[in-house]
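Next come two complexes built around subunit A: one with subunit B, the other with subunit C.
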Partner chain A sequence: MTRKNKNIAIIGGGHNSLVSSAYLAKAGFNVELFESRSEIGGMASTKELIDGYKVPGAAHLLHQTDTKIHKTLKLDQHGLTFVASGLKTISINPDGNALIFDDDKVSGDDITMNEQKQYKEFRETMKKLSGFFKKSYQIPPPRLGSGDRKDMTRLMSLGWNLRSMGKNSMRHMLKYIAVNIHDVLNEFFDHEHIKGSIALDALLGNRLGPRTNNSVITFLHQLTGDLNGVQGSYAIPEGGMSSYSQALKNAAESAGVKIHINSPVKQIDLDEKNKVRGLILESGEKVNADIVVSGIDPKSTFMCLVGPKNLEAHYVHKISNIRMRGNTSKLHLALSGLPKFKGVDSEDLGHRIINAPNMKYLELAHDFTKYGEYSDQLPMEIIIPSIHDKSLAPNGHHVLSAVINNTAYDLKDGWDQSNAVVLENCLNQLEVMAPGIRKLVVHAELLSPKDIENEYGITGGQWHHGELTFDQFLMLRPIPGMAQHKSPIDSLYLCGAGSHPGGGLMGLAGRNAANEIISRES
Partner chain B sequence: MLRQDHYKTSVYQTPFHERTSELNILNEWTRWKDYTVSTNYFRTDLEYFAVRNTTGVIDYTPMVKQKITGPDAAEFVNRFFTRDMNKIGVGRVGYVVWCDEAGQVLDDGTVFHIRENEYWLLCVERQLDNLKNSAIGFDVTIEEITDDIACLGVQGPTSCSILKVMGFEGIEHLKPFDIKHYDFRGQEIIISRTGFSGDLGYEVCMVNDVALDFWDELFDKGKIYGIQPFGLDALDLVRIEAGLLVPGHDFMVAEEAIRPGSTRSPFELGLSWLVDLSKPVFNGREALIEEKKKGSRYTFVKLNINGNKPAEGAYLYNQSGKKIGNVTSAMFSPSAKANIAFASLHDPWKKGKDKIIAEIYYQKDLEWNKVMEEATIVTKPFFDPDRKRNTPAELY
Partner chain C sequence: MSNYDAIVIGAGHNGLTNAAYLAKSGLKVLVLEKNDYIGGAAVSRELHDGWVYSNCSYVCSLLRPEIYRDLNLQKHGLQVIAYGGSVTFMEDGNIFGGYSDHDLQRREIGRFSKKDADAYVRFGRDVSKQCRFIKPLLLRTPPDPTSFKPKDLEELIYLFKRLYGIGEKTIYETIRFYTMSAAEYLEEYFESDIVKAALSGSGIIGTALGPYSPGTAYVLLHHYMGEVDGSIGSWGFARGGMGSVSKALAGALQEYDGEIITEAEVTQIQVKNGKATGVVLANGDEYYAKNVVSNLDARRTYQDLFDPLDLNEKLLKQVDNYKFNGSSGKLNIALDGLPEFPAMGKDNPLIYADMHFIDSLDRIERAYDDWKNGRWSQDPYCDTLIPTMTDPTMAPPGKHYMSVFVQYAPPKLATGEWTDEDREAFGKTVIDQIGNYSPNFKDLIVHAEIRTPQDIENEVGLTEGNIFQGELTMDQMFFNRPFPGYAQFRGPVKGFYMCGSSTHPGGGVMAAPGANAAREILYDLKRKNIVPEAENDD
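For the complex of A and B:
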């Protein structure tokens, strides 16, 4: 059977699925993609908040992208342009002294020349270390002890990537990799506000405090991406986040992918030998496919669509133990005017504004999370996308989108009870940062991890389809023995963020999966 | 419910202890899981001959017993065990093994399909954690009932007659591996035509309350049929003759093995007939398919060894003196009149080409002697009387 005769059904229409589908279709497979929602893009989409106001559904910045994928899929020709890129990060402070991070430069909040130098040094060190990650993200990780030649080569290349970093970086890697961002930052800086601002990057989307070991990995992970050659750069696509997904969709469709929206999948159809036969949709329709690729999270894939009864017990046990505890909510505000943030120039309001005054603040917020509670002082990442894109709100009006960390999926009191309180707390916090903002609020909504789970179908509302921790990383992601995008069911593959290299709008999981499928199924 | 009063006593007594302790004139006991049971009652060989010629009774209450119930019970056992469990209908018992993810045997045992949606697993090692881990996604309840159920093995040529005289109607019509439910003193008891002796025999499971009454009536009615209790030493003899393996003796329980090479797959224990690779899924399947492709490391064989010196623990060599395996169980079989053994063979042994020579040590007036005895592979059971299978069972 040649590729041309092989049908591939892809589950989910998130960015990884779209990337995967485009690569597979380019390679000559017949690819159909099934998305349960009424639009593709998953968490990278634009949604209507209320009539006339649109906000990014979940992800609100393009950050960890992989330039190679953009080039191969010619996303610029498929409609991807940026209204803003190389965004600065402005870390606000209750006393109004904001810190401004612009790539490797930092200014504001009584910062000294020496501290500026320290910051540059820190960035250089960390970029080098994340370079190792970036390289290892380009291919599926090796299987350990398989004896397979390909695995040996991959293991050797991992080792070589580490070795070729040079003595200093290798030492740094060994020194930092297993510890926490709190200790690392204390080695580099004295300035509490700088430390808090940097630490937030390690925590956003994750369930960690600065003192939690593993927070260096998450920090390096988010630094791996680049945009226009700038590592760790932030950008906003023209037309909102959905236009990023739209560009991917156009690329996929022009490669020949058939995309079906409003087509939730009920189960992966297996024959009596447990071989993939296709999909069964919620509508009852059967889709024949030789290969099924799942872009949704591994827990949903195996526990719901495959079913635990069709897997050996050890797989079920390991999959049900994947940690997927969401910790991040989305706050969306429709505003009747542009708010004024303390210490932020009005021309800077279009940049990335964060609330992380110091590491203690972040650690305390995490303490609440640990016990299923929430603080009234939460870390935030705020953007006002309507500054760049007037189409998002009526004339003169604006929308604000904020990522709120430390709002645990499994709150002790439950989200039904807590949603309104957390929203109120957030508004109160914002009122302190931007006095008068409450008067501008036309409409407010808080999407808790529970809401995100319901809306986007991600177990636990966990953005990365599985917490990015050392035991769920590289060849252990999503579980040991399943890291090559392969699954125990023949011809069922994983292409989502739950597989290596994990979450963020990278598309690498999708592309690596496609390459793996091309080499195995041809 | 499992007993949880270990702090009061280091070992439990079985519900039959009042009687077994009277009969155990040698006062020899073995700890078996949480219980103490008789090693020998009066003389190992006489106990052995009671099983072979009349009827022997063994208290095997310590056997670990787990109950699996619920609408998904059948699907659950089919995924847990390596063989096709659909073939074990209601009222039937099946011999089973089960594996870890590497396809290595965790234990062997018998599964009783007690009634629709209810199975009991009887085995040597506790399996509650393995069973529960395996139950994710299945609508089943798993309980350990070891302490709630008393068990007796009633084994030997006259066993059916004794049970019949006790009033268990139709007992002689039970086919091997059949189960029948009876009423005894107002309680349900379960009699199955199973056992560990390779002979005609039955196993009786009952609630603890009626245990002593049952024992008394059994020994009362059994007196003229030559009934005798037998201990674990005699059990070991009959089970080797019957060709039955014991975990921890003939193979390492995979969970307890420290060295990866010391565990065994079902193929390596001569149990291929218990593995149905055509089932779409069961625990260990992936690894066993891989083993089929790559070949097994060990071969299990039954041996008939020259001479009359039991080869317990013997090293095995080929004709050029290379070590090719070792004996796991051995005895001189009075019934087969042969020096028999189980052995695990490995490279460089070549089937059909290499000789098997056992290095046997034995003591003569305190002095150790060694003989090198040639062995041949036996494919049939060492002891296999027709009465084991005949239905209706022989009555006396």
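For the complex of A and C:
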């Protein structure tokens, strides 16, 4: 059978699925994609908050995209443009002394020349380290001890990438990789506000405190992305986050992918030999396929669509042990005017505003999470996209989108009871940061990890489809033995963020999976 | 003053081990100790009339059996009495017993969860596998992964082969084991909170991490390591207190004509033309040697003993960044009789075992939260033992000695340095916790020595009172211990070495770092290696 006669069914219409489908279609497969919701894009979407106000569905900034994918899929030609890029980060604190981070520069809050130098040095060190991650993200990780030549080659290339970093960087890597951002930052800085601001980047979307080991991995992970060659740069697409998905969709469709929305999948159809035969949709319709690729999280894929009875016991055990405890909520506000944040110039309001005054603050917030509780002082990442994109709100009005960390999926009191309280806490916090903002609020909503799970179908509401920790990283992602996108079910592959190299709107999991399928199934 | 082949600074158990091997090889060796007694943190001290306290370390944790035999420590008077088991007192009045006998342990776990009793079989098998993997590495020198020297490459290949030899599945398990938290690891096996809490305890001893901190799972090894080592007693009481370990090592050293001088505090290491030449004492005396070895921790060694001009700036920074995070305190209590623990019932053999009074992961984690916030734990994790049950020589007849190791106590409080009132209040917290489970305990107390991390630092010289001479986290382990580039026991100047727990494989009364350093020194001196390799029991 040649590629041309092989049918591929892809489950889920998130960005990784779209990327994967486009690459596969370009390679000559017949590709159909099935999305359960009424629009594609998953968490990279734009939604109507209330009449006339549009907010990002979940993700609200692009900053980890992969330039190569961007170019190969010609996303520019498929309609992706930015209303803002190279956003600065403005870290506010209760005293109204803001810090401004602009690429490798930092200013404000009594920053000394020396601290500016330290910051530059820190960024350079960390970019080098994340450069290693970036390289290792380009291919599936090797299996260890498999005896396969391909795996050995991949392992050697990993080893070579590590060695070729130079002695200094290699030592940094081997020292920092398994520990926490708290200790690393203490080696570089004394300034508490700088440390808090940087640490937040390691924690957003994850369930960690600054002192939790693994927070160096998450920090380096979010630094791998680049946008038009600028590493760790933040941007907002024109028309909101859905424009990114839309561009991917256009690219996929122009490559020949058939996209079906409102088509939830009920089951992956297996034959008597446990080989993939196709999909069964909720509607009852059967879809024949030679290969199935799942872009949804590994737990949902195996526990719901494949079913534990079709898996060996040790796989069931490992899959159910994947940690995917969401910890991040989204706050959306419709505002009747532009708020004023303490210590932030009004022309800077369009940038990325964060609330992380020091590491202790972040650690305390995490301490609540550990016991299924929440603090009334939560770390936040805030943007006001309507400043850049007038189409998002009525004239003179605005929308605010904030990522709220340390709101555990598994709250002791449950989200039904807690949602209103957490929302109220957030508004109170915002009122302190931006006095008068409450009066501007036309409408407010808090999407808890539970809501995100319900809306986007991600187990635990975990953004990366599986927490990004050392034991769920590289060859251990999503579980040992499945890191090469291939699953134990014949002809079933994984292409979502739950597989290597993880989430962050990179699309790399999707592309790597496609490449793996192309080389195996041709 | 006379010339030595080697001077060892500090007569802790690693310094003595190191000196003993150098002397055994035929070198002229001198050990200098600041205190008027030897042993460092492995000591027996009579601080109350008639009672002998192991007032710092209190059990032989993984003392390498190869060294025990090789240096004839038994002949020099060291008798290690194996002990096993633990008991956890629960808030609801129940107890959970820990037994070294696998079947007994299963039955005990079965009282709380049948599923966990089955899981314990898998757990035991998996952790033992990790023990066997790691054991030989304890007596080897870590390679420098950035080096292209044949010796390093050879060792890297050895490690690679060893890792590959255990098979694909086990490789993944090994990586996970070293990076997960004790809680996460245990949760993959067990459902019952008391089982998890009881097993996780060994994962937090001496370290400023909670059971939910990634990187604590591997310390579960301790639970099994003794078993793997067999009946040699690498995990047990030293008869007569921990000082017996030091005494036996000193005996071995003296048999090979090594010298020890006490009350000889070294204040400086002399360096000439990039080479260590000797040391200067506080009283001005000077001793010369071709090699100088420090048993002190990395910070004390480099910050206090070296002239900063003899060191490079990068190293000084590494020293500055070396983490101690002292987190442990200790109570040594003289008791008028055996305290009663009603929950355990009379004559329960678990009275010989480690007693703990904290029964859930959340409680242990909260104890850690206190440390982070600059307080001693209000509900501490206490590793409590009554050594006199096993070794009656440590107290007058009918009386008892209780050793309480307390996790967590910060080196500095949020309110500032420890004061006498703080120390008393800290002691009271611990005594109250034990008192909750033993009604007559408080009345039996004849004398109590309360030691904060600061006290341990002041007396023993362990910075921040860290019992391992530096945190045992991944960034300070193996080829990172104490710092990248210096993990092979050699210092930045020729003829200078480190041999304390700040070096591989780290803390615990193992004697491995001292022996490892001796091997490297002998290598540099082109002498035959006489340091034993780990026995293979694969």
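Operating definition for what follows: the second predicted complex is superposed on the first by the 522 of 522 C-alpha atoms of A that agree within 3 Å, B and C clash if a C-alpha of one lies under 4 Å from a C-alpha of the other, contacts with A are read in each partner's own complex, and residues count from 1 in each chain.
The rule we apply is simple: a residue touches a chain if its C-beta (ideal position, glycine included) is under 8 Å from a C-beta of that chain, and two chains touch if they have at least 3 such contacts.
What you are looking at is a predicted structure, and each value in this text was computed from that prediction instead of being measured.
S.K.: Touching A:Arg211 in the superposition: subunit B (first), subunit C (second), both, neither?
M.R.: second
S.K.: For A:Ala313, decide between first (touching subunit B), second (touching subunit C), both and neither.
M.R.: Only subunit B; A:Ala313 stays clear of subunit C.
S.K.: Contact-wise, after the overlay, does A:Gly284 reach subunit B, subunit C, both or neither (first, second, both, neither)?
M.R.: Neither partner.
S.K.: Tell me the contact category for A:Leu144 with respect to subunit B and subunit C: first, second, both or neither.
M.R.: So A:Leu144 only meets subunit C here.
S.K.: After superposition on the shared chain, which partner residues are touched by A:Gly229: those of subunit B (first), subunit C (second), both, or neither?
M.R.: neither
S.K.: According to the contact criterion defined above, which of subunit B and subunit C contacts more residues of subunit A?
M.R.: Result: the larger residue contact count on subunit A belongs to C.
S.K.: Pick out the shared contact residues on subunit A: the ones touching subunit B in one complex and subunit C in the other.
M.R.: 317
S.K.: Provide the residue numbers of subunit A that touch subunit B in the complex, in ascending order.
M.R.: These residues of subunit A touch subunit B: 270, 272-274, 303, 307-314, 316-317, 320, 488.
S.K.: Which residues, counting only subunit A, touch subunit C once they are in their complex?
M.R.: 143-146, 163, 167, 170-171, 174-179, 183, 186-187, 211-214, 317, 321, 323, 363, 367, 370-371, 469-471, 475-476, 480-481
S.K.: Spell out the residues on subunit C that touch subunit A in their complex, using ranges where they run on.
M.R.: 145-146, 163-164, 166-169, 171-173, 175-176, 178-180, 184, 187-188, 209, 212-215, 321, 323, 362, 365-366, 369, 372, 473-475, 479-480, 484-485
S.K.: Which residues of subunit B touch subunit A in their complex?
M.R.: Residues 72, 75, 79-80, 100-101, 130, 133-134, 136-138, 280-286.
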